[in-house]
Amino acid sequence: MGCGAADVANLLRAGAATIAEHRVELIDLDRPIGDADHGENLNRGFGFVVSTLDTAVPETPGGVLKLAATTLISKVGGAAGPLYGTAFLRVATTLGDRPDLDASAVVEALRAALAGVVARGKAEVGDATMVDALTPAVAAAEAAENDGIAALLSAAADAADQGAESTEPLIARKGRASYLGERSVGHVDPGARSTALLLRAFAEAAR
Amino acid sequence: MKKIINDPATVVTESLRGLEAAHSDLLRVGYDPDHVVRADAPVGGKVAVISGGGSGHEPLHGGFVGTGMLHAAVPGAVFTSPTPDGVQAAISATTGAAGALLIVKNYTGDVLNFETAAELAAAEDLDVRSVVIDDDVAVADSTFTAGRRGVGGTVLLEKLTGAASERGDGLDAVEALARKVIGQVRSIGVALTAPTVPHVGEPSFELAADEIEFGIGIHGEPGRERVKAEPADQLVERLVAAVVDDLPFADGDEVLLFTNSMGGTPLLELYLAHGIAERALAQRGIRVTRRLVGPYITSLEMQGISVTLLRMDDELTELWDAPVCTPALRWGM
Amino acid sequence: MKKIINDPATVVTESLRGLEAAHSDLLRVGYDPDHVVRADAPVGGKVAVISGGGSGHEPLHGGFVGTGMLHAAVPGAVFTSPTPDGVQAAISATTGAAGALLIVKNYTGDVLNFETAAELAAAEDLDVRSVVIDDDVAVADSTFTAGRRGVGGTVLLEKLTGAASERGDGLDAVEALARKVIGQVRSIGVALTAPTVPHVGEPSFELAADEIEFGIGIHGEPGRERVKAEPADQLVERLVAAVVDDLPFADGDEVLLFTNSMGGTPLLELYLAHGIAERALAQRGIRVTRRLVGPYITSLEMQGISVTLLRMDDELTELWDAPVCTPALRWGM
Amino acid sequence: MGCGAADVANLLRAGAATIAEHRVELIDLDRPIGDADHGENLNRGFGFVVSTLDTAVPETPGGVLKLAATTLISKVGGAAGPLYGTAFLRVATTLGDRPDLDASAVVEALRAALAGVVARGKAEVGDATMVDALTPAVAAAEAAENDGIAALLSAAADAADQGAESTEPLIARKGRASYLGERSVGHVDPGARSTALLLRAFAEAAR
């Protein structure tokens, strides 16, 4: 499959649907170690992304992702807003005005997303953040680049799932959970979980 | 959950409408992106002092907008940092050639969103500086983590920088003052009950009848440890000790003591706690020269208190005593 | 029960110690019998305006002691009218040739205890008058019962009579003003949760998750009816309607709107409710010319609000705007 | 039995013990229809009465009762403080400086107590207040005057018990319960109950 602006818009719609579906789960993950708003914030932001796309879909994948980025930045708030917003913005910049994405462009996009999150949030793997989901996802996507977009996204989602799970035994060192010190152990990081959910939604929509 | 609201999604905006109606002499409110600005903004020739953060901590920050304190406040969703466009709107409405100081509480979300807004302002050739307040001694101070939270000290910082701006200090001076205050203010809090976030509908945590959360933040996040409830004398001594030992504050120091209610604690109990804190400091030879007692930085209906100490000197005392006229803090005018 | 206290028996006294420590510039406290008086009492040539009542309603009354408002406040045990000796002590400390006005909330206990104190004062040739405020429209107005309770209107009455005294009005004038205010102020309240009295240790009543007490008082006594929780728009409209229809307030009236938190309601919700009340009045052609929003007459940690309306005129507006300097209400100085 | 100052002091001590024992019951009666302080207030006041008597017992029954009255007035507060205080004060005034009380003096004392409560509180029988206990108690005492102090107090206590019970179906018209209107039905008035408890304690102590 090729992947044009309309396809990317559909991926984002699928992501928004997943976030809406898992809104309470993400709130509940954020409650014991944070402030119980992750699901609410992302859902508000992705809701606006969808309604913006309903008005008009930009012409290029990069344009669509830039629109998503600016919407997330101005509607999500909290830590996740700037982090996801920066991720999408970096992706948009990387893609430029290509009309269509191939597998290598998608891998490049994922790398740019990770680079954006790290540049903004300064987290490393093991700090119990979305970086713990996104880092293995990028590696898995790179390894599966030759299998096509759907397969590489699926591999990325699998890796992100595991990465999210891997945050459970960790002491959080970034974000709100870090205030808890030892008490942050035993909880899956909500941002890592939402990253895994989004990648899964993208993978399924790309099939 | 029982709350006096219509819809969790519109709570903040509806509340701002009430704030605006109640205090149109002091402030005006812009919507979508939401921001609260002084009625007389922009104030020519003065540094704009701007703060903001998630809602649910009222009167912080909107209740501190007015002469001698904040020029603008940017409210986010409940317990959620505002987005950069709100901060931008606040900057545009208040900032002139004298520049602006952004007072940012140290939460990843606040830091990132204000940072973005500051970058955008710089791109428009406005002189906008940020300071990050991180006064909560409950959190280990570390550069490998998000670091300490900004809590009660924020109220004092907003008052003092607002007063400095009001007397005509330039941006360098106001920023230097802010850094000085941040360097010598420390806080800690305790919760007896949890707040309920409107969009969640259930308390942020559960506490047994004999448990309290020590070292709590202001967002319903759990504290550093869950301990047994204890008499006020012990509890307040524990709070004071944690704050005093951190800076540390020493025999002979002059301080401002800020005894804050987290929202749901009755004034009857708050003043009782304040009295104990005064004695605990007196025993250590620390002189309380100024005090603030009340619900000024809250966590919705959470029951609990926080204790903040700021080391004082003549300059800070003069700035503290300077007139202030905001919905929540007012004297001298 | 979790409270920041040491012992229910000493809560009030310990809290007064904190009040005294926090506000020694404004007031001083006498103990056993407990009474709070202006730091500069007795104020020569001025009518002493004195109030009091059970504790647990802070900042009422002790938080309103200071220039331009109360000359003294007499706190009883929690939710229990003070005894005559406390009132006497307050009278002695504040009352000179200009006499005193006692502001008594209409509860049997308050009326009887203040009455006794007034008789004892008369025996000492002091000119002491009493007014009884009974502004709560939730209670049927009847001379065969204890009648209506004194609630939110008390705060406004204390401010206005305090201002009249401050400008030098004589006792006749201050008393007449008080009667005028009582005649044109009305209130009603609603509770979402119950308060817990320290010596009881359990909530004063139980409410299901979807129930509220409409027409509640300030002592944890149940309201007139238990109704289903409803959105803020309906709830506030119901409160406003009850108050407006009682006096009645009419199209064209100018009013002071006082939106009060019962203690545990976050400011976020309180301002939201205030905004709705403003609209509900505007729809009726009633002009809000002054407002007060905050927790000023509370019932410990009870969640809920009350709405008070006072019909205004030039005299009342001038007295309302006059400078006041107390722990809880301060402007113009 | 005759009844001197020391005996009256003992009656008061017995009354204080009863109030302490029934403190929570009286609080719980006051909770649904009032403000949950009746037991606390009376217990505080009678506690002070006892400690005052522990210091020195005045020489006459009237002196003892006057001390009790002033202590209650300055330590109880609320409605019950002035009402009980006035009752005891009237009794003290009625008894003057007699050194010893006979049955007729005790009946007269009870009449004075009732008159004091009514003068102060303006309640009538049927308003659901302590008057509903005290009124039948006085009548029963008058009827039993010839049986001696212990018996007449016992008859008064019985009548007060019934009087207190009789408040249950009433709509309160005085005191805090009157704010409730219809909702005050179905509750025994706490002040009527405390009156009955005190009279019972006096009767038992007088045996």
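As written, the chain order gives the labels A, B, C and D, with residue 1 at the start of each chain.
In this section, contacts are C-beta pairs under 8 Å (C-beta built on N, C-alpha and C of every residue); 3 or more make two chains touch, one makes a residue touch a chain.
Keep in mind that what you see is a predicted model, and the values were worked out from it rather than measured.
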Intersection of the contact lists for chain A and chain B: none
Distance from chain C to chain A - Cα centre to Cα centre, in angstrom: 54
Distance from chain D to chain C - Cα centre to Cα centre, in angstrom: 32
Whole-Å gap separating chain A and chain D, where each centre is the average of the chain's CA atoms: 74
Shared-contact residues (touching 2 or more other chains) in chain D: none
Where chain B touches two or more other chains, by residue: 78
Touch-based graph of the chains, sorted into line, ring, star, complete or other: line
Pairs of chains, among all present, that meet the touch criterion: A-B, B-C, C-D
Touch list for chain A against partner chain B, complex: 27, 31-37, 40-41, 44, 73-83, 120-121, 172-176, 178-181, 183
Footprint of chain B on chain C - complex, ascending: 1-7, 11-12, 14-22, 55-56, 58-59, 63, 78, 192-193, 207, 209-210, 212, 229, 231-233, 235-236, 259, 263-276, 278, 288, 291, 293, 295, 298, 300-301, 303, 305, 325, 327, 330-333
Contact footprint of chain A on chain B as seen in their complex: 9, 33, 54, 76-85, 107-109, 112-113, 115-116, 138-140, 144-146, 149, 197, 199-200, 204-205, 217, 219-222, 224-225
